[in-house]
Amino acid sequence: MNSSITHFTQFDSKALGEQLIQDALYFKTNPRADITKGRGKRIGCIFLNPSLRTRVSTQIAAQNLGMEPIVLNMDKEGWALEMKEGAIMNQGTVEHIKDAAGVLGTYFDILAIRAFPTLTDKESDINDYVISQFMKYTGTPIVSLESAIRHPLQSLADQITIREHSQENKKPKVVLTWAPHIKAIPHAVANSFAEWTSGMEHDLTITHPEGYELDEKFTKGVKIEYNQSKALEDADFVYVKNWSSFQDYGKIHCTDTSWMLTEDHLKNAPNAKIMHCLPVRRNVELSDEMLDGPRSLVQKQAENRIYAAQSVINHLLDSNF
Amino acid sequence: MNSSITHFTQFDSKALGEQLIQDALYFKTNPRADITKGRGKRIGCIFLNPSLRTRVSTQIAAQNLGMEPIVLNMDKEGWALEMKEGAIMNQGTVEHIKDAAGVLGTYFDILAIRAFPTLTDKESDINDYVISQFMKYTGTPIVSLESAIRHPLQSLADQITIREHSQENKKPKVVLTWAPHIKAIPHAVANSFAEWTSGMEHDLTITHPEGYELDEKFTKGVKIEYNQSKALEDADFVYVKNWSSFQDYGKIHCTDTSWMLTEDHLKNAPNAKIMHCLPVRRNVELSDEMLDGPRSLVQKQAENRIYAAQSVINHLLDSNF
Amino acid sequence: MNSSITHFTQFDSKALGEQLIQDALYFKTNPRADITKGRGKRIGCIFLNPSLRTRVSTQIAAQNLGMEPIVLNMDKEGWALEMKEGAIMNQGTVEHIKDAAGVLGTYFDILAIRAFPTLTDKESDINDYVISQFMKYTGTPIVSLESAIRHPLQSLADQITIREHSQENKKPKVVLTWAPHIKAIPHAVANSFAEWTSGMEHDLTITHPEGYELDEKFTKGVKIEYNQSKALEDADFVYVKNWSSFQDYGKIHCTDTSWMLTEDHLKNAPNAKIMHCLPVRRNVELSDEMLDGPRSLVQKQAENRIYAAQSVINHLLDSNF
């Protein structure tokens, strides 16, 4: 089996998912096993939004493969991109995404891009406008470092973590539970987690207040259970995450703090491990008790971000060059 | 022939220009041919103003020669330099350029510096104050990444691009045309392009509205033609660029949109290629039609920025160590 | 003798100080002598406050040992850390230091951290809260790049510089003199300089206006002399530095410009060399005359920052792996 992809922006197939998990676990024991594979090749990490884990883990992953990563914080370095086709650029934007994408594609062998949603322009967001423009104009393989609607490297890291902590020969029960937050948060992590967890054929339940249904594109065939306690029963893995409303786009409807996970919520799930992509608002999304206790896998997920990225970059190097 | 320079801040001679173009074309086919030449040496890329192409192309160029580039975005990283000799520093500036330049010269083997003009203090700008201070106090070779009045790496990349697209045995007709813009823009790109194009002995015409004459220092012996259509006749290369007034320093006098280049402007220049240094304000400086059409060389110029920088750094490594 | 430390955040012992000075002087003549020692290892340089010299010198030091440095400007890159244990994070902070420190400890082999004091919360500052939290939660060796109360890499560089300019068989007379400034400045450089200079058993006098006494923890056994002229008599090294009041915490009590060092102040110290950690407010803390004259060692101190950092990182690599 040799699944091949041009870009890495979403879940592709269980076969490729499996291959990427295996490679990641291999790199985790031998981070620099393929240190010469990317020699002389460059990855440009383009951040239209800030990042900590994603930036560092991607840099390390690339260096582990011998590549030279260059980070561009375009938000902070003051480079406002024009996104509209045909725009008369007599306002604040200094460069059209067409031109910037073309140049960056010339300078790098792989482009890794972070571009958050607007949370106000639903049409643009569901079309994943920014990363789509890069895919259209760049001409090089693209890795999503979180787009408007997906965060595939996070989800791959999550699948690696689930694999490491699963019992053999048991399909794990995975629950994605909504959690409170004080800000309107994107759907990308939740969407991608649903997409990958059902794609890898785990037993997935999503629980959230009514009105917080995710885009059906990502939850087809997945159990939705509005009663959180019921959803959590006998869970093996509980993924905690806030998102804003999708239907009433980008709005906050619920601030009910009883949705915040505590030990008490898991009395019927004695073996449940807790997951979160970080950064986490402590005592808002998840209690200290959970995060600092033995159920928490959050630090392990963060560590696996390195090997998820390395597995994907390795795959793109194999596929495209 | 072995032309040697200590710094790279301006056009030197046709002989050196020729050598740099040849080396650039060589590196373009073999980017890492001299990967060990700069080993153990460091280039500091100091940005007092933001940059995309210049930053990335210089980093790549240095890495292609085995050097370790370190980027300092001094504008964004909050390090306000005092520029005045003898200043009593009881205001907002935190460090004198003398001290910073001395330290940076100790830390790096080559310093590459970007420092835009004020566009308000003409005296300071025409003396190229900031880069001159670095040259005075640093003690290492300096590469200009665009100073108040010149952008020599851009101009070298432009000459490489002209060379690649010229017919053999024909002196190309090159036209530098002013274009509209909504902001007051520096003269550096236009000055340097004029300096290099006439220095390389091409047939150069400059066209612009009256009142937009560039500093004569850069246009000595060059044809000035106020009638844009007449200037563009039979052009081989049309370089499109805005600049603010030099006489009425830093002011915008003309906003006449008819100066924006479209296909219609080139009806008497069937073979004309279009050039621009990027970033470009689409449909303000140049129409989409031009930029997306077959006449455009703008992406090729951007690509050549790597090899221009590499050729220059290579030359400094040969000259100074 | 083989002194070993887990972290480098303060003066340890004269024996270790001596070893670090010797190693630094060795690396100064052979910067890349141990270029393979750190291969495959990473240092994360985390800046909660801006930096020029510290950032660049640490990067170079790490590269000289073959390590891959990654710089995170957390202040500028918009990553507000929550510092309070048990905080309900429903305000502006996006990530708890516990979680961030844990992740960074997973990603790097050594963490180097800059975290200035608040100058308003004395309790928190004297407990060196931020760096202590990193030490508690990170699990990797930590190098202080200036904490709330100490700047040990600066002080090591200062000791190297004193060593280079001392006469053999003469205990140098070292004077730390307060200087005026327009802002409230931390005590870290002064504290550490006192700690290291007395730790290395030099003859140290501190002079400052009354009310500017440093924390006694750092000045035990050191001569305090309020009369600046008297303190400066026969000095071999004069370290010039501003700090705000420690007793009336973070306040400015004195703006007396006569404390600014000029040649006239040194009429009874003919051999005195002048030191300052930079950045320096010229003609506020120190006159141009001093800084540009033959007494100044400030550029040499800055250069020694590289070898101080390299000596320490080298030591941590030897101790911890």
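When the chains are written out, they are named A, B and C in that same order, and each has its own residue count from 1.
Definition applied: a residue touches a chain if its C-beta (ideal position, glycine included) is under 8 Å from a C-beta of that chain, and two chains touch if they have at least 3 such contacts.
For clarity, every value in this text was computed on a predicted model and none was experimentally measured.
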item: Interface composition of copies chain A and chain C: same or different, split at half; value: different
item: Angle, in degrees to the nearest 5, of the Cα rotation that carries chain A onto chain B; value: 120
item: Between chain C and chain A, distance of the C-alpha-averaged centres to the nearest whole Å; value: 40
item: Multi-chain contact residues (two or more partners), chain B; value: 76
item: Touching residues on chain C, where the partner in the complex is chain A; value: 40, 42, 44, 68, 70, 72, 74, 76-79, 82, 86-91, 94-96, 98-100, 102-104, 106-107
item: Parts of chain C lying in touch with chain B, wherever the complex brings them together; value: 31-32, 50, 52-53, 55-57, 59-60, 63, 73, 76, 182, 278-284, 288, 291-292, 298-299, 302-303, 306
